[in-house]
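We call the chains A, B, C and D, going by the order they appear; numbering starts again at 1 in every chain.
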Amino acid sequence: MPSNAAYDRMFRTALLIRRVEEKIIEIYPADKIQSPVHLSIGQEAVSVGLCEALERQDLIFGTYRSHALYIACGGDLTQMFAELMGRIGGVSKGKAGSMHLTYPARGFMGSSAVVASHLPHAVGSALAAKLRGTNQVALCVFGDGSLEEGVAHETFNFAALRALPVLFVCENNTLAVHTSIRDRQAFSIQKMAELYGIPYARIDAGYDFMEVQRVAASCAASIRAGGGPQFLEIATYRAKEHVGTGEDFGFGYRDRAAYDAWCAKDPLITDQASVAAMIDAIDAEIAAAVVAAEASPAPGLDELLTDVI
Amino acid sequence: MPSNAAYDRMFRTALLIRRVEEKIIEIYPADKIQSPVHLSIGQEAVSVGLCEALERQDLIFGTYRSHALYIACGGDLTQMFAELMGRIGGVSKGKAGSMHLTYPARGFMGSSAVVASHLPHAVGSALAAKLRGTNQVALCVFGDGSLEEGVAHETFNFAALRALPVLFVCENNTLAVHTSIRDRQAFSIQKMAELYGIPYARIDAGYDFMEVQRVAASCAASIRAGGGPQFLEIATYRAKEHVGTGEDFGFGYRDRAAYDAWCAKDPLITDQASVAAMIDAIDAEIAAAVVAAEASPAPGLDELLTDVI
Amino acid sequence: MTSATPEIVSYANALLETMDGALGASPNTVILGQGADDFKGIFGSTTGLAVKYGKDRVSDMPLMEEGMTGIAVGLALNGVYPILTHIRSDFVLLSANQIINLIAKYKYMFGGLFELPMLIRTVVGRSWGQGAQHSQSLQSLFAHIPGLTVIAPSSAQTVLDTYPYLTSTFRGPVISFEHRMLYSLDFEVDRTPLANPLAPRLIRSGSDLTIVATSIMVLEAKRAARWLEEHAGITCDVIDLHCLTNIDPTLILTSLKKTGRLVVADTSWPAFGTAAEVCRLVVQADPTLLKAPVRSLGMAPAPCPTAKALEDLYYPNLGTVVDAAASLVRGRADHGVPLPAEKTMSDIYKKFRGPF
Amino acid sequence: MTSATPEIVSYANALLETMDGALGASPNTVILGQGADDFKGIFGSTTGLAVKYGKDRVSDMPLMEEGMTGIAVGLALNGVYPILTHIRSDFVLLSANQIINLIAKYKYMFGGLFELPMLIRTVVGRSWGQGAQHSQSLQSLFAHIPGLTVIAPSSAQTVLDTYPYLTSTFRGPVISFEHRMLYSLDFEVDRTPLANPLAPRLIRSGSDLTIVATSIMVLEAKRAARWLEEHAGITCDVIDLHCLTNIDPTLILTSLKKTGRLVVADTSWPAFGTAAEVCRLVVQADPTLLKAPVRSLGMAPAPCPTAKALEDLYYPNLGTVVDAAASLVRGRADHGVPLPAEKTMSDIYKKFRGPF
């Protein structure tokens, strides 16, 4: 049962993610981060609840929009900022950048900027888990757009056929770049999961990390008990433009009202008491990470051709 | 309403297909046809009923297993044998062979040996039909194996989203090469069609060309009336090995009993009166086509580099 | 002609103009691509066209690269000319099967019964930390395959020369690699039609060295040639290869007869790439034309790193071209020709946008 | 060594032996592929292994090339060594995205945090009317991409040399192009381990001409060299390139110093292919080594026609190699060297299966 301690812990992580991204927004104009950023603001609770539901041996796969997942799984902040800034102290020596965050020490095994391409990776790691009897669950987090790609169909079919230990999580923010899900999908996500006989659950309150944790934990327990794959659709909201640090309500493809409605329910906005209790320590931690990251040098010519083969 | 004349006409076409393929079996050992052949024996009624339900402006797309479709749509026999034998008189000058039959004069727009790769072709031609207002239906015939490929998902989704005039027909012989559909698909074909909201019908009596014609005609009518795509699953039986001219009941992956049961229902076997009435003329027609095909020369060096760009 | 100020058009506007022209010229031409109809309009190359021609003809798409490309086949078979867009050429790999197994083969495989006129536009990312999966320049993969026509337009001029010809006259499938960094640059253009828009172009003449270049490397080659002439009196022939398939080597061979020295500057990896193919064409014709080792400039033999510091080392630039050229002409690495100070092309083009 | 009769192994059996060996050596090695467990056993290369090791480890797959390849990534990341099989290399294009955008980049892109040891086996079809979609030899596409290791084993010997090394020791992803026509041929094999199984091999020595070959063209090159020596006293160095990525050109350059003449014989199209890359490596090192124009032999620049008559013209064979070699060495097309009567390789290998 999640306790108050659990609430506080998850709240803190969610706030940490938000403040990290707000720091990114702050420093971006100074060109300290010279690469595209896909912000998770509005979607933090999903990653937080999911990672809280995992065990240490579990494996995680994400997309180009994985700042939240990185932090939620326990990724080091200095290594993250260094990575975003293209420094040698980055988790991947600066070669990965924002779109390819990863943190193998906590099971985060990669994030891909090719939509849906990581779905079979999660399933393959689950197949390995089953073959080797490791008791691992593979967590695969993807956007609603992933479901249109053919590989999603291939992957779900295979995971179901072999009853593999994988938790599929669709972060449904109803958008792929600027296109609404209505104009992209003739199918319902629930029915798609059910097509393969994959048990499906939906969370409408995607801002509620406690709820995400609770449902995800029960999915993970069922998977670990040998029940095969599970599918979790989580409604969420992308606050910023698809890529970059700005807002984009003025371009006619979506509505500010929906954003305001979402904010009205977001604990990171409504629970100002918790914010007040935590924000200073968090901001200090972030500031220290930025300083440490900036102290790390850029990778040099000696790194250009290492790790190719 | 199908009349006796319709029965006779379709029976004749089905028998023609069977006898053509039996002729192929007969001449294959002499190496007159130097390329892989994927025989339709057992599956003839599907193509016959489908083509009977089409109108002249309609377009057809098939697989490497399309001898039946070629003949059913009205393809010229001499050009077919010449094509199989690699002669210049072949419908595609011998460059296509058995796996890539086509007959644009009757709307047969191509057949591909890459499983499922023709599904989007049919849908694209249907999109063109809709854009240009041509009143065409696109017929797309594929095996059960096609449904596993990612592109099937992409294609069905798009056809449904845009309500395109396409008739998807799955020839379900329950096999992909030697693998049973049970070991390949965690989903039901009906549910897959329904996932996209594509109206679905199933024909169990895939040997019954009258039934195939009747159901396909009603699908085509609904499509032509602007109702969007339709999906037809037709149970059928592949009598011969996956590729080649032999039988393969001795290899443990399938059962002769099912074959015998199928034969007991196949009009081409049960209706011996019709067979007797038609076979001689058909065989004469085939023999003449083989002779004419053999009289056609092989393509020469002048053909090697034509039609590349 | 003589006194008129030359017309200036940006790469993005040249694209937009030709897209507009193609849609305007035939009701049976369509554009399909993720975001083709949105306010960003494929980096400005389709902006406003969905409003002008309707969303049926300038059509947003779900995420379905393989399916979308197969749909283009069906469109072409049934009388519609499709233009596909991919905002990164990397994504075109998801449709490699349709392009290589189907599109490249449809005409030949069926003995000439069908043609598949179509244009697949793909944008090559570079700079600003695009990283390994958003930066590839995959022209060589497709140029290897008979049946395809592959182009890499280096300027607004070549876009205006070539796209109207492709969409109105040419009957085969074409893949175009448009370089993202070119989009915002301005070019002088001349509207005189060309006899063969797919031929290579000699865009600068000299006598010491031949530089064969593609895409944005054509700009770098031109700038390098100017630098070399100004700082060392070295003069170069610069050839814009433009179309990578069925290359007529005459222009290159004629140039080499004069210069005897060759640098190939392409946007991708040299191995099994444009540099390799140009070398093959030369030595199959006459290896004795080469008086010195050939230099090939392209991306370093690694995936593209995201860090700016590594990205700057990863790509060839003005300095690399000048250095390679000077050491070839002078016959030694310590050639004494001063090198330009600029470290990275992207920084330059952010400040200087032309006209070129 | 001296008196023992040499051991003879067929290509298919060499594959079967190495597959068996890999599964036997580690419980964490698996084979995945359509039909990998059936009675045809990928043309005999996996026959019986599903019974021996279980269907979990020798696993049939649905039709899902992209998905299957992505699954291999996940397996490799979680401690399992995957061997994928494709009965035709053409189908591997459906997984081009996984191979090029993910597998080739995973190690570098993440700064060395991950490795993806795996072997992707693909079979190149040829002859018996495979046609345009079942006959491609796509090694050049993948050899262009940094991060991949691409091999084309020409014999049972090279399979036995290389596969055990790959599956037990090598830590990167490898794509192997196995030629279908080699499967039924017998080869003399020597079990002495090699220092570097990925290096090119000099397999015959001569002084007039260098033939660099891949896959089954190595056999044709050897047969041509024998013919040339017997019928014209022309002697050739024959180099089996074997691995197409990170080619060490030393062997080729050393040979060219002696011969000055180069023929490249590859199983695919020359443009942007192996021939092009070998030419690049040579002229980047020293173009003056080439005393005559290079000849590249490969498939005709068209999709593969199905008709036997055209197929025989489409592929290079013994006669083509002999003719190209003789005209190079004699310096003229009417070289006077008698050409072998055989018109097609497939007919020969149906009758003569070795040992080679």
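Note that in this section a contact is a pair of C-beta atoms (placed from the backbone, for glycine too) under 8 Å apart; a residue touches a chain by one contact, two chains touch by 3 or more.
Just so it is clear, the structure is predicted and the values come from calculations on it, not from any experiment.
Novice: Where the centre means the average of the CA atoms, what chain is farthest from subunit C?
Specialist: B
Novice: Using Cα averages as centroids, what's the distance between subunit A and subunit D in whole Å?
Specialist: Roughly 42 Å separates the two chain centres.
Novice: Could you work out how far the Cα centre of subunit A sits from that of subunit B, in whole Å?
Specialist: Centres of subunit A and subunit B (C-alpha means) sit 46 Å apart.
Novice: Please compute the C-alpha centroid of subunit A, do the same for subunit C, then give the distance between them in whole Å.
Specialist: Spacing between the chain centres: roughly 36 Å.
Novice: Where in subunit C do residues touch at least two different other chains?
Specialist: Subunit C, residues with two or more chain partners: 62, 64, 66-67, 90, 94, 97, 101, 108-109, 131-133, 146-147, 301-303, 305.
Novice: Please list all residues of subunit A that touch 2 or more other chains.
Specialist: 90, 93-96, 100, 112, 114, 148-151, 154, 157, 161, 183-185, 308
Novice: Chain touch graph shape: choose line, ring, star, complete or other and state it.
Specialist: Topology of the interface graph: complete, with all chain pairs in contact.
Novice: Which of the residues in subunit B come into contact with subunit C in the complex?
Specialist: Of all residues in subunit B, those touching subunit C are 59, 61, 90-96, 100, 102, 104, 109-110, 112, 114, 117-129, 131-132, 134, 136, 138, 150-151, 154-155, 157-158, 161, 306-309.
Novice: For subunit D, which residues count as touching subunit A in their complex?
Specialist: Subunit D residues touching subunit A: 28, 30, 56-57, 61-62, 64, 66-80, 82, 97-98, 101-102, 106-114, 146-147, 149, 172, 246.
Novice: Given the complex with subunit C, which residues does subunit A contribute to the contact?
Specialist: Residues in contact with subunit C: 33-36, 86-87, 90, 93-100, 112-116, 145-146, 148-150, 176-179, 183-185, 251-253, 298-301, 303-305, 308.
Novice: Provide the residue numbers of subunit A that touch subunit B in the complex, in ascending order.
Specialist: These residues of subunit A touch subunit B: 148-154, 156-157, 160-161, 183-188, 191-192, 194-197.
Novice: Note which residues of subunit C are touching subunit A in the complex, please.
Specialist: 34-35, 38-40, 60, 62-67, 90-91, 94, 128-134, 300-303, 305-310, 313-314
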